[in-house]
Amino acid sequence: MSWLPTLMTATPEEGFELAIKLSRMAVKKTQPDDAARTRMRPEYAENADSLTMASHVVAANFQTVAQANNYWR
Amino acid sequence: MSWLPTLMTATPEEGFELAIKLSRMAVKKTQPDDAARTRMRPEYAENADSLTMASHVVAANFQTVAQANNYWR
Amino acid sequence: MSWLPTLMTATPEEGFELAIKLSRMAVKKTQPDDAARTRMRPEYAENADSLTMASHVVAANFQTVAQANNYWR
Amino acid sequence: MSWLPTLMTATPEEGFELAIKLSRMAVKKTQPDDAARTRMRPEYAENADSLTMASHVVAANFQTVAQANNYWR
Amino acid sequence: MSWLPTLMTATPEEGFELAIKLSRMAVKKTQPDDAARTRMRPEYAENADSLTMASHVVAANFQTVAQANNYWR
Amino acid sequence: MSWLPTLMTATPEEGFELAIKLSRMAVKKTQPDDAARTRMRPEYAENADSLTMASHVVAANFQTVAQANNYWR
């Protein structure tokens, strides 16, 4: 089964979760080694700028997901 | 209750507040430990580039919220 | 009175000023202490990359404001 | 044959793969030397911020691909 | 007279020039001191990443200008 | 003759080439000295993050070019 069968979600909150998933999946496609990603986590999750950068990626993906869902209007 | 029931807001100012909320929620989803986020705050809030980066994320989310609200025209 | 009653402006130049205001307001919402922001200013305004980053945020907000105004066509 | 005959894909997942391909192709156009790119990989794939930056590029390209495909609605 | 009377340009090339102007004007609004900006120039213009960052800002502003002009279709 | 007579291209691949050209032209407009740009190239082309940043700029310009061409649908 596909990890991304659709961009449609029932609610904005689920859309936001999908944006996070897209952000993480792009990282995983570049670094498929689970152990490597886990190793990087502490340094990453304790650095404010790293977290802001991650939030920016989610924002970019949320633009896509929100538009796909016609903003759940 | 959902933290994001809708992207609609009554005014542009409330839309801007929602964009800030989206930006912070993405950080929280990556670093759910409240104490860790609090610990990072001083270093973050005293660094001009960190603040500019944060403002950029808000701008990206405000694009989404403003479009969802048809720019409150 | 709201600091952001509308995204509509009479001219492109006023729209650009509004984009700058949005960029600064997001900083202020993260660091509300006026003295702290003033303290950071010299380091910030003397660094080319910091200024470029600030210009990028204005560009993102100007996209929103320009679209809201239908590009003042 | 072109490496980019179309932006259309059958599914969102294939669209995401295309976004990754576009991101990598832009790197390749700037640094065409395969050996050089391979040399950089370890340092890159072990750095959290580098991976976040890469994910941001994919997000930008996915916006384009998703819109081209009318979000696979 | 306004420095930005309109976003309309006769050609794509003039639109690109306008995008550069918007990028520089945002810098000037943050650092209005001409001497300071001139002082920063050498360091800036000799650094590849600084130039790439500047190019990114132009790209963001060109998106706005191009859309305003309906892509000069 | 203009270096940018139109944003229209026959194919997506040519559109991607145009996005690269726009990205480089913005650099050239900021640093017009060919020798200086050539001097920076080795350091730039051997740094993964620099290449990722460059790819991001291409992605932003490709959004514009692709939209101008109605995604070559």
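Each chain gets a letter, A, B, C, D, E and F, in the order it is written, and its residues are counted from 1.
The working rule: a residue touches a chain if its C-beta (ideal position, glycine included) is under 8 Å from a C-beta of that chain, and two chains touch if they have at least 3 such contacts.
Nothing here was measured: the structure is a model prediction, and the numbers come from that model.
Identification of common neighbours of subunit C and subunit D yields an empty set. In terms of the stated touch criterion, the partners common to subunit D and subunit E are F, listed by label.
At the interface between subunit A and subunit B, two copies of one sequence, fewer than half of the residue numbers in use are shared by both copies.
A rotation of 60° superposes the C-alpha trace of subunit C on that of subunit E, rounded to the nearest 5. Relative to subunit E, the chain whose mean Cα position lies farthest away is A.
If you average the CA atoms of subunit B and of subunit F, the two centres end up 31 Å from each other.
Look at where the CA atoms of subunit B average out and do the same for subunit E: the two points lie 27 Å apart.
Residue numbers of subunit B whose C-beta contacts span two or more other chains: 49, 53-54, 56, 60, 63, 67. Taken pairwise by the contact criterion, the protein chains form one closed cycle in which every chain touches exactly two others. Neighbouring chains touch in a ring; in the direction leading from subunit E to subunit F, they appear as E, F, D, A, B, C.
Touching subunit B in their complex are the following residues of subunit C: 2-8, 22-27, 29-31, 33, 36, 39-41, 43-44, 49-50, 53-54, 56-57, 60-61, 63-64, 67-68.
Within the complex formed with subunit C, the residues of subunit B that make contact are 11-13, 16, 20, 45-49, 51-56, 58-60, 62-63, 66-67, 71-73.
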